[in-house]
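Can you keep this structure in mind? I'll have questions shortly.
First chain written, first letter: the chains are A, B, C and D, and each begins at residue 1.
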Amino acid sequence: MERKNQNPIIQWIVKTKILGILFFVVIGAFVIYALGQALTNNPSLFLQQVVNGLQLGFVYALIALGYTMIYGIVRLINFAHGDVFMVGAFTSFFTISRFNLHLWFQNLFPSFPAMPAQIIGAITVVLASMAICALLAFTIEKIAYKPLREAPRISALITAIGISFFLEYFGALNFVFTPNYITYKRPFEVKSWFIGPSGFGTIESGVTSPSNSIIFSNIFVIIVLASLSLLLVLQYIVKRTKIGKAMRAVAYDKPTARLMGINSDAVISITFALGAALAGAAGVLYAIAYPQVYFTMGIIPGMKAFVAAVVGGIGSIPGAFIGALIMGQAETLSAAYISTPMRDAIAFSLLVIVLLIRPKGIMGEIASEKV
Amino acid sequence: MKKINKSTIFFLIGAALVYVIVQTLASLKIINTFWETILLLAGVMAIVSLGLNLIYGFNGQFSLGQYGFYAIGAYTAADITYRWTQLHSAEGLTVVFFIAILTAITIVVVQKAVSKIRGLDTLSAFAMYLAVVLAAIFAAVKLGQLVANPITALLNLLPAKTAQMIVYVIAIILGGAIAAEVSFLYGLPILTLGSDYFGIATLGFTIIVKVLLDNSDTMLGFQEMKGARGMIGIPKLTNWTWIFIFLFLTIVFIRNLLNSSYGRAIVSIREDETAATSMGINVPFYKTITFVIGSFLAGMAGGLYAHVNGFLHPNTFSFVKSFDPLIIVVFGGLGSVTGTVTASFGWALVLEGVLRLVLPDGFETWRYVVYPILLLIMMLLKPNGLFGNYEIPFIRSIVPPLKDKANNEKKSEEVA
Amino acid sequence: MMADNKNKTPILELRKLCRYFGGLKAVHEVDLVLEAHALNGLIGPNGSGKTTIFNVITGIYEPTAGEVIFDGQSIGGLNPYVINQMGIARTFQNIRLFPNLTVLDNVRIAYHPYAGYGMNDAVLHNGKFNQKERELTEKAQDFLRVFNLQDRQAEIAKNLPYGEQRRLEIARALASNPKVLLLDEPAAGMNPNEATNLMELIHFIRGKFDLTVLLIEHQMRVVMGICEKITVMDFGEVIARGTAQEVQRDKHVIEAYLGPGADELSKQYLKEKAK
Amino acid sequence: MMLEVEKINVYYGAIHALSDLSFGVNEGEIVALIGANGAGKSTSLKTISGLLHPRDGSIRFLEEEISQTSAEEVVRKGIIHVPEGRKIFAPLTVLENLEMGAFLQTDKGQIECDMRNVFERFPRLKERQNQPGGTLSGGEQQMLAIARGLMSHPKLMLLDEPSMGLAPVLVEQIFEIIREINKQGTSILLVEQNAKMALSIADRAYVLETGNIVLQGNAREVMENPSVIQAYLGG
């Protein structure tokens, strides 16, 4: 069993891991070169894609947070999370088109300035969706996951898949959400601006924007603001409140948390509700940005957000956020410069590459198993 | 020689009976085409799920990539038979044949070389494999095109039916082989990831394959696959006999493998990886080989599937569908061959057959509402699956009796 | 096997072995020599680094610094399965059997590298397979017989009582054909009677299979009777070595176990015992 | 008796960890449970604190049956378990760890007051209150674990191997703290392998061997009984 490497060249290859590094360097150099080319060839197009990517990334971030929190606390890949997002979008669709919830403030105080009144209305719509989703996830957790807490982990995963199917196909029934693609009515009017070499200005309807400028709308602003503020709220809850600290304690060490008198079941339920509320908000924002709702709309964004959570390091809240922003960029840039249908493949290739370099994601900590 | 076991006889008789009864009922049209197709699909699903059960149930690797390999097998086999029947050329056959052979050879050669290097990291090894395999594929394509015409002529010497059958069977096996080789390359870097991450990476594989298939005509240049429009014109060659033969062989293969020292090595990794490696089991090797065998079965099943309806669509291989074999394996009981086969047939018959018939008119859409509810109830009632780890006597490993006392003492002295 | 190998050549040697976890020096500059055919003990309070040493020797951890020399070769950082096949087998502190497999299969798995047939034979279940598989099984049953587990061979491992699980784990380790056997607290959780029997059994198999044994124990009493040499660790370092009697009287050892000031108590105890 | 454990049987799967084990703690006492690894000391504590439940037998705390009560409820009744290996919530700061100890305490003023007391007793923790618990040294973590336990105002404190892996100086410090806590009215059930130390502060002691009590009595008696030494150092 002589296993010494005699050849110094081979020894050098092994020691420096040069082949593996080279492999990634080649890929990395190619990507950087391509991005550089894109930026220099048409900077405004490139930056426009970055803006679009940010908009998408911020929505993904809200979904990814739920994935990451739930995985962190019960080690369950909650495949039904994307469908909760769908329910959130549909809830807002109904509250807007059936109940005119977005107009309640305007109707109540007609003399109030239109702009803030619209914002208050929109916020109400988001909050309503968040509440419904939280309630839904709370119920799901009680029925489908809690009884299986002591069962093999795969059982809960299968029920998660089951719940996902159920939400989709129950939603597809004609008296629920219907199996159709439905046009979504936004709770406010869209305004767009341009910014570029020719300055800054509003885009009137029917007028083309000046060339070489980047367009962004109030939707972009709202998504970024809403997403950031929800992130801050979440960060506040997790870092500052008692229940948030309990969540982290349970996620880290459930038996010891129980020894402190923390009711771990209750904490887990709350985590599910919180994650679902964020997914619900994401559903509304997504529907506002891409105004179409349908019963399987949760699958792909859910999947992307999940990938984002893994890329960022599952269990880590800032990680989920960073991962989501990366996913947003990867998706829009690959759609713009490679091909639209390929963007899903690119997203997942990115996932695999990140896992190969950092097996626990960008912000994930590497825990060693005790033998 | 050795006496044939009673359980083996029972199994063979049982299998023969199942075959004959179904075949008779089908030829008498008591089983109509609708139900026959469901049986064929159930058989295909059983092979896919057995592959997954090997990977997940017996080896403990949580894989969601089974449908990716299933798709690769399906499209590979379909392309070979399509070219044979529609274009009257054996080019597909020869090219894929050489790809499979040359890739296998290079993998073995590289493995020999790599195993001599102590401490080589996985990514470097992967980069080496990838470079060499790409070269092999390039050579194989050239070689395959070179011999395509003579082989076509040779096959045309045979009666048309026989030639088609030969092409069909080879196509299915090649479908499996290509899937297996892809799984080797993909598995190499990701098998070192932890369980959940392996699952996510394999899920990614399914999605990447699906996207590539959606664009097979534009990105990959296979016009006949027609991308997201779906591939048509594949000969419908899969019948109950073929399904039965392949399923039978799969079951016997898995049974023999599991009831050997190699099978025990595979299972030991599921049981306790650290203990297994400390007991001299080459864990990375057995993880890889299990993943490759499981993917081979998936690819083979894909080949069979492609020739059931004569139509392939990338949506069949979407990741949502890719949960099906996982559900079946968990349903039947992780680590139970009996359970997987039963669950596959039960699943197909109930979901595709019974639910369609039982639900009243206008309620067809309720099928997928009832299904998850059944799934949920099932999981809550039997979290360990229908069969747990029960096996029928033929598959179950038998603990041999102890030898008589006098013999014993002699033996134990020898050990000393 | 190698009855002539009973000279005093070291078979396993640790040279300034270190293993750190972040800032924690779990094992720090430990030297240890294990002579062929020796039966030595490694003792020390909880958390003193004994198990970490086993994990480094068997390849589960890479050493941070220092060397592990087995049979004249440096094996630090090799894969655990390679180290096992070279001839080092172990048991675990918290019993790591293959819980859902039968007792027989647990032992047969460890014998896998010596199965003697290829995967193709396995798939075909041909004559060679049948013959070799029978030999393998008989061999495994012989190991079970040594540990008085032959009646349990069809039982699922996790259903065995604790003491039998411990014995099965040793049987499994032996089945992997080791030259050196590392036992991690084999008597933990056993009553004094069982522990004594186990120690006698270990002494017996050492002779029967021509093994070199290194034994981790928490209780000194258990190792006293059978170990020729004892190494005592505390806080990742060796604090004493010698025969059982020497170690037992060592001031550092007594304090490590019973706390400072326990020296007096122990002297008093020894005096009493002398009466 | 404050805590009365009577003939409990505890199993891990097929393994019989505790068989017909009985012992008790009186109000205001320090009771030591000593014995070698695997004797069942930690299992006993886990059973009392509700992480495990006995198959039969009874555990009474202040005349109330708690053998099937959940861990969260046991804390509410006034028993706190400081687990083996300290089990600090590594990602949470020292302050947050302490807050978790006071999880069931709703009175904010009370928490603040307790926090002050704890910091007075453990000035080291005050210095490090904003560091993650995982960055503390072994001794500091043990102090934090004890302090965290104190935050719930326990009537009975279960301490599992507080001296494990600590240098002798620190061990003495920890035991001094335990004695003080006891003086202020908290009863203590102490599991230790460091027999000498444990017996030096305990009122009574039980010696455990494979799930059975083999020796019991007041601490002095037990300490002077040669079989204790035998249990560790052999004869």
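Here are some notes:
Quick note on the criterion: a contact is a pair of C-beta atoms (placed from the backbone, for glycine too) under 8 Å apart; a residue touches a chain by one contact, two chains touch by 3 or more.
Just so it is clear, the model here is predicted, and its values are computed rather than measured.
Seen from the C-alpha centroid of chain C, the farthest chain centroid is that of A. Taking B-C and C-D together, the pair of chains sharing more C-beta contacts is B-C. Centroids of chain A and chain C (each the mean of its C-alpha atoms) stand 50 Å apart. Computed centre separation for the pair chain B/chain C is 42 angstrom, with centres defined by C-alpha atoms.
Inter-chain spacing, taken between the CA centroids of chain C and chain D, is 32 Å. Annotation: 44 Å between the Cα-based centres of chain A and chain D.
Residues of chain B in contact with at least two other chains: 118-119, 274. In chain A, 3, 371 are the positions where the chain touches two or more neighbouring chains simultaneously. Shared contact sites, meaning residues of chain C that touch two or more other chains, fall at 60, 78, 92. Interface of chain B with chain C (complex): residues 2, 118-119, 253, 256-257, 259-265, 267-268, 271-272, 274-283, 289, 389, 397, 399-400, 402-403, 408, 411-412, 415-416. Chain D contributes residues 13-16, 36-39, 161, 163-165, 167-168, 171-172, 193-197, 200, 209-210, 212, 223, 226, 229-235 to its touches with chain C in the complex. Listing the residues of chain A that touch chain D in their complex gives 242, 245-246, 248-249, 252-253, 255-264. Of all the residues in chain A, the ones that touch chain B in their complex are 3-5, 10, 13-14, 17-24, 75, 77, 143-144, 147-148, 151-152, 154-155, 158-159, 161-166, 168-170, 172-174, 179, 299, 303, 306-307, 310, 339, 341-342, 344-345, 348-349, 351-352, 355-356, 359-360, 369, 371. Contact residues of chain D toward chain A in the complex are 49-51, 70-72, 75-76, 80-81, 83, 87, 89-92, 96, 99-101, 103-104, 148, 152.
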